[in-house]
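In the two assemblies presented below, chain A is common to both, partnered first by chain B and then by chain C.
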Partner chain A sequence: MPSINLPGMEWAWLIPGLSLLAFAIIVFLGKRLPGKGSYVAITAIGLGFILFWFVLKDLLYSRPATFNVTWFDVSKYSLKWGMIIDPLSVLMLGVVTSVAFAIQVYSLGYMKGDPRFGWYFAVQALFAASMLGLVLADNFLLLYITWELVGICSYLLIGFWYERRSAAEAAKKAFVTTRLGDVGLLIGILILFKQLGTFDMSTIFQAAQRGDISAGILTLVAILIFLGAMGKSAQFPLHVWLPDAMEGPTPVSALIHAATMVAAGVYLVARSFPLFEVAPYALDVVAIIGLLTTLIGSTLALVMTDLKRIIAYSTISKLGFMMLALGSGGYAAAMLYLMTHAFFKALLFLGAGSVIHSTGKQDIREMGGLWRKMPVTAVTFIVAAIALAGLPPLSGFFSKDEALIAIRDAQSPVVYLLALVAVFLSALYVARPAFVVFFGRLKPENAHAHESPPVMTVPMMALAFMSIISGFFVFNWVGPLFGLPAQFKGFGAFLFLEHPEAFHFDVMLAVYSTLIAIAALGLGWTIYHKGLISPASIMERFAGVHRVLVNKFYMDDFYQAIINRVVLAFSNLVALFDRRVVNDTGVNGTANLTAFAGYRLRYHETGKFYDYALAIALGTTLIVIVAFLVT
Partner chain B sequence: MVSATAGSICLLLSLYVFINYRYTIGGYQFTDQYPWLKGLGVSWHVGVDGISTPMVLLTGIVMFSGVFISWNINKRTKDFFILLLTLVTGVYGVFVSLDLFFLFFFYELAVLPMYLLIGVWGASSTFPTFARTKEYGALKLTLYLVAGSVLVWVALLAVYVQAGINSFDILELQKLGYPQGFQYLFYLFFMIGFGILAGLWPFHTWSPDGHVAAPTAVSMLHAGVLMKLGAYGIIRVGMGLFPEGAQTWAPALLILGTINVVYGAISAMAQRDLKYVIGYSSVSHMGYVLMGFATLKVVGVNGAVLQMFSHGIMTALFFALVGVVYDRAHVRDIGIFEGIAKRMGTTAAFFTVAGLTSLGLPGLSGFVAELLVFVGTFQTNVFFGILGVIGAALTAVYILRLLSKVFFGPLSPRWEKLTDATKLETFAMGVLVAVLIFVGVYPMPFMRIIDSGVVPLIGRLLTVA
Partner chain C sequence: MIPLEYFLILSAALFCIGLYGVLARRNAVLILMSIELMLNAVNINLVAFSSRLAPSEFLGQIFAIFVITVAAAEVGLALAIVIRLYRNRTSVNVDEIDIMKW
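Coming up: the complex of A and B.
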C-alpha cells in the first residue's frame, strides 16, 4: 500500500545530507556537546539507515528516477548536483548506512578516551556524507567531487594518530597513490565532456550505446576511468597503499579500507558498465588486473604476521576477485560479492580491533588461545572467516559461486583455474589468523585479555548476523521476512529491474568450490593448529619464495627507488636548473648590468626612487621619439 | 589602528561593490568620469565589470587580513603601513581604471613601494649552497617589474599613437581595429610585460626570491594580489585591445602557461624552505590562469579569473601561515621541523585547508577554478589539458610531503615551547579559510559575475576571427 505521506525516493538526498550536517555541527559545536558530538554523527547515520528503507520500498513500487539542482552555470553549460535512485545506488545506500552505523557505534568503545574523539566522529560523518553522495551521484562531476572527498577523509583518518611518523607517511602514501589513479579518472571525465558536452551519466551511456563515440576513444576513456577505480580499490599495481593504511584506527580500516571506500572502484566500474560493455577490450583489462590483484593479495596475505595486514591483503585479493567477476560480465555477481564482503570483512576488522583493543598487540605470533578470554569476538571472527572462505550456507558461499559461474562462462579455463586457486588461498589465509589467534595455548602475557564492552560486541554480532544471512537475498522468499513488498524478486532480479536475472546455481560447481574451501581450511587446521606440518619448515623449504613474499614482491622498494632516484632527482635537477641557469646566468647577468646602471644613476641623483621614475621617463621619451619616427 | 580602519572600510566597500554588482546587466558599473588632461586625452575614468569586481573584492579581503597579520610589526610601524596602504591604493587603482594612463600610473604605484617594504622590513636568508639578502630580493623584484613596465609603457604609447583619437580611454580604444602586424607585435609586449608580473616562465625567478625576502603582509599582498595585476593586465589591456594578437599568441601562452604549471610544481618539490615552496607553487598556480586565458573559451577564461581570485586568497593564507610559524620558530627550513601540529593545532588545520585548496580538492575554491580551466583546455588541446591535470597531481606530492614533514610525526623536542596562532592571527586567517570554503561549495555568485564580464570579451575576440 503505497502511501504518499511516507518519505520516498525524493528524500534520498537527506541520507548524505544529514551526515554532512552532523559534520558541520561537530566541527563548530562539538566541544560543547555531550560525547563531543559523537551521538550527532551516529544519529545522522542511523536516520540515514531508516530513510534507506523508505527509499528502497518506494523504488520497489515505482521506477528509477533522477533528481538534480543546478550548482552553477558557466558559459553554455550548467553544472549540476544530482542523484540517481536505482537498484545499484539503493543497494549501496543500504550497505554504507548499515555498516557505517554499526562501525560508528563500535567506535564509541574503541576510541574512548582518545584526545581527538570529537574530531574522529566529525571526519567519520564527513566520510559517510561523501560516500553516500558518491553512490547517489548521477553525473561524473559530482562523482569525482565525492570521490576526492572520500579520499581526503581516508587521508585524515589514516593519519589520525599523526604523532606517529608511520601514520603520517601512510596517509600521504595513500592519498598520493590513489591520486595517480584519479588523474586518469579526471582525464577520462574531461575527454567525455569534450566529446559530449555533459557530465550526465545517463546521457553519456546512451551516447556510448548508440555508438556516438568512436571505439578507440571509448576504450581509452573506459581504461582511464578504470585507472581511477584501480587507485581507490587498491588494484595491482596501485595496491601498495592499502596495507600501510592500516596505521589508522581499526574501525576506520573496517569501514573505509574494507567495506565501503575501497569498494567504490568496483561500484564505479559497475555504474559505468554500459560504457565498459561497448568499449572493446575494456572488460578484458578489468578482468586481467582483477585476476593479478587477487593472486597477489591472497599470496601475500599468507605470509604477513600483522593481524590487520593479513586482513588488508585479503581485502586486496577480494577486491581483485570482484573486478575479475565484473570483467567477466558478472555485474550482479560482483555487486552481490561487494555487499556480502562489506559485512564479513568489516566484521573481520572489528574482531581484529577487539583483539588489539584487549591485548594491545597486532602481531599474531604473540597471540593464541584467546577464545577463552573473548568468546564473542572469537565466534564472530570465525563466522566472518567461514563466510570469507565461502562455506554454505553463509553469505560468502552464494556470492563466491555466483562470481565463479560468471568467470567460468566468460573466461578461458586457465583464468578459471587461477580463480579457483585464489578461492583455495583465501580459505587458507583466513584460517591462519583464526586458528593462531583464538586457538592453541594462551600466552601468559595475554592473561589480562578480556572481552570488549557491549558497545563493541553488539555491532559485531549484528554484522555476524548479516554475514550469515545476506547471501539469502538471492532468493525471492527472503524479501517478506524483511518487510519488503512482493515486488522484491531476489537480488539478481532486483539489480536488473528492466531485465530480471535469476540467481544462477550450479550444483557441481557448488560442490567442488565448497570442497576446495574445506580442503584449504583443513590444511590450515593441520598447519596452524595441529602443527602437523610446521610453518617454519615450509618457510625453510621455500626460503626464496618466502623472502619474495615477505618483501611484498619488492614493489614498495621498487616504487621508493623510483621516487628517490627518478622523481626527486629530476625535481632537484629542475630546481638547480632554475637557480643556476635561469637565475644566475639568464637573470643575474642581465640584472647585474641593470643594477650597475641603477647604481650609477643613484650616485647622480637623490638615491630615492625618483631615479627610477627618471629612468622610466627618459626611456619613455626615447621610445616615443622612436615610435614617431617609425610610424 | 588607522590602517585597521582603512582596511575594514576597504573590505566593506569592496563587498558593497561585489554584492551590488548587477550581473544580469553586465558591462561597466559604478563608473565615474572626469577629464583630467584634455590635451592628451587623459581622463579619470573608473568602473568595474565582471572581471574586475572579484579582483576588487580579493584586494579588500587580502588587505584586511594582511593588516591584522602585521599587527606586531614594531619597526617604524607608521612608515610600514603608509607604504602598505600606498601599495593597496595602486592595486585598487589598476583594477578600477578604465583609462590606460591612470591604469599605468596605479600599476607603478603598486609596484614601487615593494622595494622599500622588502628592503627595510624584509629578511635575508642563507642556504647551504647559496644566500639571498633582502636587498637582493628587493632589487631583483623591482628591476624585473620595472622592466615589464617599460614594455607595457612602450606598447601603451604605441596604441595611443596608432589610434590617433587623442584618448587613453580603454573603452574608446577598444572600439577601434588595429592593423594585424601592429597587434602581433604589441600584444607580445603586453603579454610579456604584464606576464612578468604574473610570473610567466621564464621570467618568474623574481617571484620566489622576492617572497623569501619579504615580510609576511607584503608576501601576502604580493603573491595574493600583485601577481594578479599582471594577469589582469593581459586580459583587460592585451586581450581587450588586440583580439587578433591574442589569437595569434594563444598557443605560445598555452605552452608557457603549461610550463609554468609543471615546472613550478616540480621545482617546488625540491625546495627546502617553506617560503620557496609556496613561492614556486604560486608560479605553478599562476600557470593555470595563463592556460585559462590561452584557451580563448568562455569556460577557460572564467576558470582563469576565478583562479586569480582563488589563488589570491589561498596564497595569502599560505604566506600568513608561514609568517606565523616563522615569527615563532625563526627558521623556515622544512628539514628542521617535525610534528609541530601538536603545539600549533589551528595553524596546522589552516595549513591543511590551504594545502588541500592548492592540490585542487573539491569543496574548496581551487577545484572549481581548475576544473573550468581544464574543461577549456581540453576543448582547445587535449595534450596540454592532460599536462595540466598531471600538474595538479604533482601539487599533491609536494604539499603532502610538506604537511607530513613539518606538521605531523612525533613532536621534536626543539619545538616543545612553540605556541599556536594568537586570536588576532586566527581571526585574520579564518576569514581567508572561510572564503576558500564558501567559493568551493557555492561558486554561483562568483561565476555569475565573472561570466558577465568574460562573455563580451570573448564575444569580441571571436567576432574578429
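Coming up: the complex of A and C.
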C-alpha cells in the first residue's frame, strides 16, 4: 500500500495555532466576515478536532515525543517553545477540542443577537487556543504563559456582560482569586528553575525521580504547584470565584467548568505527578484539600436555588473528587473522571443554558414540568444527571468507581466513607434540578417555553452521546475493537504506556456505590418530585444548618471581612504613604524647594555689568590661588 | 638683555590698569579701551615668554597676532553695540543698562 503522508504528531502545534489565528482574524477582520467571524472560530476548533484524530493515531502507532524550537538563549539557559505529545496531553486535546467545538456551535444559537457577538467568538477562540497550548506545553514557562492566558480569557468571558455590575465584580473576583494560586505556581516554577536551571518538564521530573532535589524543597514545590491548581480548579479555600463566575453567558460556564479552565488545575497536578509521587506529604495535601472541597461543594449544591449555581457547586465537588483521586494515586482514575466529567458537565450547563434561554429565568423554584415543552433538553439533561450520579452503564459510573477504588486502596476508612457520602450527596443534588425543573406541574408563566433551535440541541445530543459511551473506554476490548496495536487495550493501558494498567472492577464496590446513587436519586424523587418529605419542613428543622449552607459557610463574608479589615486598611496605608511621602514630599517637595531656591537666589543677579566683571575677576583670581596652593 | 621680570612687571601693571578701568569706569567706550589694555598685557607676556624660552619657534608671536585679530573683531562688534545703545538711550553709561536680570 502506498504510504500517504498524513499529518502526524509533529503537526499538533497547529491545533492551538489555528484557534489563535482565528482569534487574530476575528479581532482584525471580524466585522466584515459573515456571522461576524463566528464561523472562523468554529472552523478553527473543528479543524483542531480533526487534527486531534491524526495525532492520536500517530501516537498509537509510535512513541510519545517532544518537539521544540529555541525561543531565545540567555547565557547558558535556553528558553524553548515546545510541545509534548503523550497520552495525557493527547487525551486533553481530544476533550478540549471536542467540548469546545460543541460549545461554540451551541453558542451560535445562544448568543444570537448579542451586540458583541464577534468579540465573544474571538475570546472563545483565544480561550481554546490557550488551553490547548497549556496541555501541549513541554516546559513550565510556556505552561505558565498559557496558564495566565487562560486566566485572562476567563476574566473576559465571565465579565462578558460587563454592563452588569455583578458580572464585572464576578470577573474581578475570579481573576484575583485565581491569581492567589498563580503566584504560588510561579514561585514553585522559579524554585525549580533555581534548583535545576531548566524549565523543561521531563528533565525536571527525571531529576526529581533521581532524587536530585532535597525532599523538603520538593514538597514545597509540589505544594506551591498545587496552589496554582487550587486556584484554577476551584479547590477549597480558593473555590469562591467559581459560583460567581456564573455571571458569564451560560456556554462560557460550560466551557470554563467542563473542558478548560477548571480542568487545567487537575491537568497540572496530573502532569506534575512525578513530582508529587516523590515529594513526601504532597499527595496527602492534595487528597485532604480534595476531600474538603468535594464535601463543601456537594453540601452547598443542595441548598442553592439558582440553576447554574447548583451545577457550579457540583463542579466544585467533582473537582474535589478528582483531586482526592489524584491524591490517592489514582492517576488514571482522575484523568478518566476529568474526561467523562467534561462531557456530562458541559452537557448539564448547556441544558441549563437551553432552559434559561427559553424561560428567561434561572431560579429553579420558578420552573417545573418543562419536559413537555423541551423534550430534547430534558432527555439530555437527565442523561447528564444520571451520568453525574454514577449509574451504570453511563460514563460517570466507571470514572467514579475507578476513583473510589483508588481512594479505598490508599486512604483511611474514614476518608473512604466520606467519599461515599460525597457520592450520595452528588446524586441527591443533581436529582434536585432534574426533578424540579423538568417534572411536576408546568407553571403558567412558563407556558411560552419552547425547545431550543437545532444549532443548540445537536451539540447537546452529541455531548449526551459522549456522556453515555465515554465510560466504555476503560474496557480492554475497546482497543482490539478498533484494530489498535496490542498494547492499547483500554483507557488505563493508554495512559500508562510503559506499565499497562487495566480497568479495575470490583463487583461489590460497584454494587453498593450504585445502590448509594439509586438511594440518593430515590430520596431526591420523594423529596423533590413526590413531595412526600417537604423540603420546607427539613429546612425548618435544620434552620441553623440551612442558614450556614445558604451563606456558603460564611466564606464569602469571611473573605470580605478580611478584605475590608486587612487588605483595604493596608491599601489605605499605602495610599497615604503615596500621597504624603511620595507625592507631597518627594515630587512636590523637590519642585517647591527648587522654586524657593530660585525665588531667593535671583536677587544676586543685579544686571549690572561691573558686578559680573568683578565676579569674573575675583573668581579667576580665586581659582588661580587655589590652583597655586594645591600644586 | 632686558630681564624677563621687567616684561612681567610691565604686563602685570598694564593688566591691573585695564582691570581697574573695566571695573571702575561707567562709560562703555572706556571699558572697551580698558579691555584692549588687558589684551595687550597678555600679548606682552606671550611675546616675552616666547622669545626667552623658545626663540626659534615664534609661537608666542603667532599667538599674539591671533589675539590682536580677535581683539580687532571684538572691538568692531562691541562698538557697533555701543552705537546702537547710544541711538536708543542717548547714553553709554553702563549703570543704566541693567535690564538683563530677573
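FYI, the second predicted complex is superposed on the first by the 568 of 631 C-alpha atoms of A that agree within 3 Å, B and C clash if a C-alpha of one lies under 4 Å from a C-alpha of the other, contacts with A are read in each partner's own complex, and residues count from 1 in each chain.
In this text, a contact is a pair of C-beta atoms (placed from the backbone, for glycine too) under 8 Å apart; a residue touches a chain by one contact, two chains touch by 3 or more.
Please read these numbers as outputs of a predicted model, since none were measured by experiment.
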More chain A residues in contact - chain B or chain C: B
Partner chain(s) touched by A:T620 [first = chain B, second = chain C, both, neither]: first
Which of chain B and chain C A:S412 touches, first, second, both or neither: neither
First (chain B), second (chain C), both or neither touched by A:L186: first
Which of chain B and chain C A:A171 touches, first, second, both or neither: first
Overlap of chain C and chain B interfaces on chain A (superposed complexes): 609
Chain A-facing residues of chain B, complex: 108, 112, 115-116, 130, 139-140, 142-144, 146-147, 149-150, 153-154, 157-158, 161-162, 202, 205-206, 209, 263, 266-267, 269-271, 297-299, 302, 339, 341-342, 356, 361-363, 367-368, 371-372, 374-375, 378-379, 382, 385-386, 389-390, 392-393, 396-397, 400-401, 403-404, 407-411, 442-444, 447-448, 451, 455
Chain C residues within the chain A interface of the complex: 19, 22-24, 31, 94-95, 97-102
Complex contacts: residues of chain A adjacent to chain C: 602-603, 605-610, 613-614, 617
Contacting residues of chain A [partner chain B, same complex]: 71-77, 141, 144-146, 148-149, 152, 159, 162-165, 167-169, 171-172, 175-176, 179-180, 182-183, 186-187, 190-191, 193-194, 567-568, 570-572, 574-576, 578-579, 582-583, 586-587, 591, 594-595, 598, 609, 612, 615-616, 619-620, 623-624, 627-628, 631
